[in-house]
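Across the two complexes that follow, chain A remains constant while its partner is chain B and subsequently chain C.
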Partner chain A sequence: MKQPTFGSLLTRRDFMARSALLGAGTILTSSWAFGESEAKAVAASSSNDIQIAIVGVGAQGRILMDALLQIPNIRVRAVCDIWDYARKYAVNKLKQAGMEATGYIEIEEMLQKEKLDAVVIATPDFWHAPHTNLCLKAGLHVYCEKMMSNTVEGARSMVRTMRETGKLLQIGHQRRSNPRYMHSLFNLIQKGNLLGKMTCASAQWNRAVAEDVGFPKAYEIPAATLSRFGFKDMHQFRNWRWFRDLSGGPISDLGAHQIDIFNWYFGVRPKSLMASGGTDYYKGRQHYDNVMVVYEYPLEHGTARAFYQVQTTTSSGGGYFELFNGDQGSLQISENPRLTKVYRETTAPSWEPLVEKHYLAKSAYVAAPVEKVDSRESKPPEGFEIPVVLNKKLHQPHLENFFEVVRGKGHLNCAADHAFESEASIFPVNAAVEARKVIDLTPRCLLFKIKLKRIIYETCYFIYRTVGGLALKRASCSCQSPRF
Partner chain B sequence: MKSHRFEHQAMATVFEIWIDSDDGVYAKQAALEAWRLVDEIESELSFYREESDISRINAMRLGESIFIGEHARRSLSLSLQLCQETEGAFDPNVGHSMKVIKDEKGNASRWSEWFASKKKLTAESKGILIFDEANRSVELASDLPVSFDLGAIGKGYALDRVALLLKVWDLPRFLLSGGGSSLLAGAPPEGKMGWEVSLGKKEYEISERSLGASGIPIKGIHIIDPQKGMPTTRFRAWTFAKSAARSDALSTAAMLLPLKWFQDRLDSSSEELFCIQETEQSELLCFGAFPNEKRTVD
Partner chain C sequence: MKTIIQWLIEIGKNPSTLSFWLLRLWLGFRALLTGVEKFSGFKIVQEPLLDEAGNPDITGAIVVVKYKFYALGNYHGLPDSLLNTFKKEPLLHPLMLNAFITVLGPLLLLTGGCLLLGLFTRLSLYVMGLLYISLTFGLIMINQNDGVSALAVHVALCAYALHLSAHNKLEIIR
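Entry: the complex of A and B
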């Protein structure tokens, strides 16, 4: 993918028009614009509308549906969910938005009856791979929420099916399409060398205590239906994120987003990890309610370490963000713009050239030029801001990127094979906690064949040194298959 | 039955729910769903989030059209309707628009120009925004500065939606509060006539109705009279209505409207009731029939 380039100052209207064409985020205050991308020949619907279905309209499905309703020429023809409550909510909401969508319980029936171009999948993690593979084989392009699967085998099968069918598979690491994240990586770090040598990183997601969720009594799913779809009871259905057979737990639900940013920003795979965690607060939950992990990244100038914590007992302590440190500056970035900041080391070269290029903007207070020493009240240090505004729903740019590629324009920002590379370093974390060992993530196996170019590169690296066999069985992180 | 209380921070205030139920766990689960809904609504209505529908509308230009969500569409539509009902006393666009004009232009003639245009728009029932319900979009129909802030209706709107949710959960006995300035009562607690609320020194029992309150004792002078371009100094105003969104917005309007407006409204079939307190020392001036008065607090 070509990186974004800077052009002349755009008016807001210009930018809106370009955003609509390119699926970029809306940026009001900078001269930033996306460059032309190499078009990928993907067949799209003959009409201008893309006909889609949403599979899974629980909490995350609703968020995606709200974002989808902001995108022109997307017609939601069907929703699929085993829960009447969620399905009726979605059908009703779509009706109010002018779309007559049909509700289905069975995805097979939906695929048989509906004429679709693509599906958006937001089912529980353990259903991602079966649903994605089914839809890809039915000839549909797929946008699937992250994690790709609750098992590495499931995730691998999705990449394999994507390649076999030639259909698109975008994974919902939506920060990869967030213009603030893209600008920070491509322009500030890579072009502007804002951080100098990147030496370490940290990230966290601190989330407040949340009790188990329930359901309206009138909307209990029959036991036979629950069983058929892999759930023990309604409690498990509603709280599937805490069950080991159904999901990866908080390190997967929350951490995956941010560890993906470590991998993306460092540009290399971590070479090892060590982790600790436990089920220390919520009694009776299967997954760890807090996990802390340290990765080692082999950069050109040496090893950079990245610390990540996810905990589910307080929202204090800064909420959720990623922080990258270098010898010339630091960048803290988050989906929350108020948590996004840059810090310059006093020994670093001036950032004025970055301001002139509109890579950075000066904060409201600007220190006077240092021409002479002026004795007066204390002045604050020079402040800088990232002049990028995303005034769209957080998942919207990533969905827009997907649909633009469905229309044959550009590249996916997080195709399944790239997502798999990144998620491969997340799958082993729970097992590392259990094993209480350092895990070497040695690249060795799972050779990818890239069609046409025949470029082979390594992706999976779950080779570990001295861990207990039972401990790592659950994470399914061994390289048992040499290729997709 | 026992009354269970839950609270949640949103919209720069504290929301509270009291649910009368034998099943505390079930009530708590319902409250969790309610808070998720409040957060969803805030994500569309917040003036302070760059990606909210309101922020995106505030960044629009004349003739521009954008998609907006259900909550933004409903609450904005109701806001503009109430703006007309109250002859501009409730105006979701007023406070920040004035600030924008004053800060950026500093030109008094621009004020009068803005008011004249606004009145004209209101008179023509055209409004500043044009809603396309079928296309879920909204178009900006004015080149005047817009800066919508639904702070005076958003909490009430959220309570209305939470009330619907609690009925789906088969929990009809509840009292909802958005920061204390917006209340919505469902069915009364078992064995009682209603949920107890106080207006100044009086306490009342309410059920199946809402109560909105505005005033200056806590937040200071902060409500701008769009007719005069000046802040109001009326001490407090309360409004009873069926919908919390209406009582929330109308209580703001009641801070500004002349007493004659309330008297005229008594002649209509409106179920809305108003109480005005001009100064801290003033007695309540009430227009309409009260709910069950329980007692006067000395």
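Entry: the complex of A and C
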């Protein structure tokens, strides 16, 4: 498989010139600090419109585009996709929404010709890191779909580039901006201590059997183009999620969202994982079509274990949700509001005050028949609903959060460094399945391997940028940043 | 003043009057409030979730809140689920059913109110009893035996109240 290389995408001279003009002079600073520095820059911008491009307008790109069209003052100026079929669809859809977007095959050409503020990236996983790094280095803020990359090295490079360029990088774990998820964590679990001591969790995504995705023959991409972009053939291009060199498979496609919720809600990284899985149903697919994984989370009061399963052969068993259990109550949450429920243990204090505050709503739920079948049965818990609604497209709040920070308000709900911390526990799952043993997730896997050579290089580069920036300021007081 | 006290002492010595008053109060409120509830409804509104200080919550969450309110337009003779079950019964003609659910609420209000006020006490009790019998008829059709038993108690109370109505001492029109 041909690995994507971007040495020729942007010449060093162009890159240096752009970097000098940006003059941010920030290397290895925290992502939250960027929001503040960017705020001042954006506030100086004359127009309230944010000019963006969408890179990758396949299935996920379309979903993001639909959400983007609902957000005011976002102008999609360009779309980039190697497939004519997808690109034309996106251009036409944007035209219907009153936006004249130009279609590109090559991202380098798009970056050269278009004057953009930000990009939204929804390409296959193995292109995330190259595309993101390229756009960040071109001075753009980036919203990139999860997983950050198909490799931990790729994801790490994204965090590093974000820090080097001082640009914003939001990762598309959209649940982190979902008001129901935020309310459940901040108000119910953290403020209300609704669950008491959290003792375990489980989550699942059970999806029915789905055949490989096809394509209209008339829109087949030439073999040379496919090869240039890292695909063996059209079938692989359309079904990249099942190929090991291109993606992380179902545990990454579906599990990443939900395992991220484990990490976010528990507030710590897991210390170990063990997993089992296999390619047991679909013949010819490289990735495991079912995976079960158990994480161990070191909480203050002891270890909490979290079980996750992804199934691609059945939609029964409750669909997709995350369930957190504590000694006072349990919270089952899902992007589907109908799958969201909260249960109060009969020994827990009354939740009536929370109902009065509209933090919870009463439910007609009955957990079990009144009559006991087994004498060891506990009393059934009382059911409650979470009355929070989302009157927007599912990905809209996360995109809105990104653009708010681009405008200088607040901070990113899932900046790349936070996403990386979370995704670091997902990357080893496939390896754990293969190894059939417990994997320790030491903090070492999060460390950035900075070699001495790199430190010297970055120090020299920092001096170069700072001196260059000062020289430019002296040369022309009216010199303005081309981007914000 | 002395007359009122003597009257109360006299009543206190008459358990039949006291019994009737208890029945009258219970049956009156039961019918009146049941009738009122038939004009209740819920409106569902979306409003920002507020924090302890009464400011919009930091999550920006919008919550669905259900408020109960009363209006003539909310009138429903029977709950939808029960009505749909009745509609499937061949012995309950749709015209008869519609007529019944139209008058049920107003009749409960009227009989309950009259009984409490002491207006046409015996007639009110009798009509009330007939209403409960008619409801019993419907519940027998759909095998709701628990409901039938409860209604039987209601009918028995009406009958006993009628029996004791001769001892009523506080009424406008008997």
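Note that in this section the second predicted complex is superposed on the first by the 377 of 484 C-alpha atoms of A that agree within 3 Å, B and C clash if a C-alpha of one lies under 4 Å from a C-alpha of the other, contacts with A are read in each partner's own complex, and residues count from 1 in each chain.
Going forward, a contact is a pair of C-beta atoms (placed from the backbone, for glycine too) under 8 Å apart; a residue touches a chain by one contact, two chains touch by 3 or more.
Predicted model, so just to flag it, every value in this text is computed and none were measured.
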item: Which superposed partner A:Arg175 touches (first chain B, second chain C, both, neither); value: neither
item: Dominant toucher of chain A (residue count), chain B or chain C; value: B
item: Touched partner set for A:His418, first chain B, second chain C, both or neither; value: neither
item: Which superposed partner A:Lys409 touches (first chain B, second chain C, both, neither); value: neither
item: Touching partner for A:Pro387 - first (chain B), second (chain C), both, neither; value: second
item: Which of chain B and chain C A:Phe186 touches, first, second, both or neither; value: second
item: Residues of chain A that lie at the interface with chain B and also at the interface with chain C; value: 389-391
item: Residues of chain B defined as touching chain A within the complex; value: 25-26, 28-30, 32-33, 36, 40, 50-51, 55-56, 59, 61, 64, 66-67, 69-70, 133-136, 168-170
item: Residue ranges of chain A in contact with chain B within the complex; value: 12-13, 16, 28, 59, 62, 66, 69-72, 93, 96-98, 210-218, 337, 389-394
item: Interfacial residue positions of chain A with respect to chain C in the complex; value: 179-180, 182-183, 186-187, 357-359, 361, 387-391, 397
item: Chain A contact footprint on chain C (complex, rising order); value: 46, 49-50, 57-66
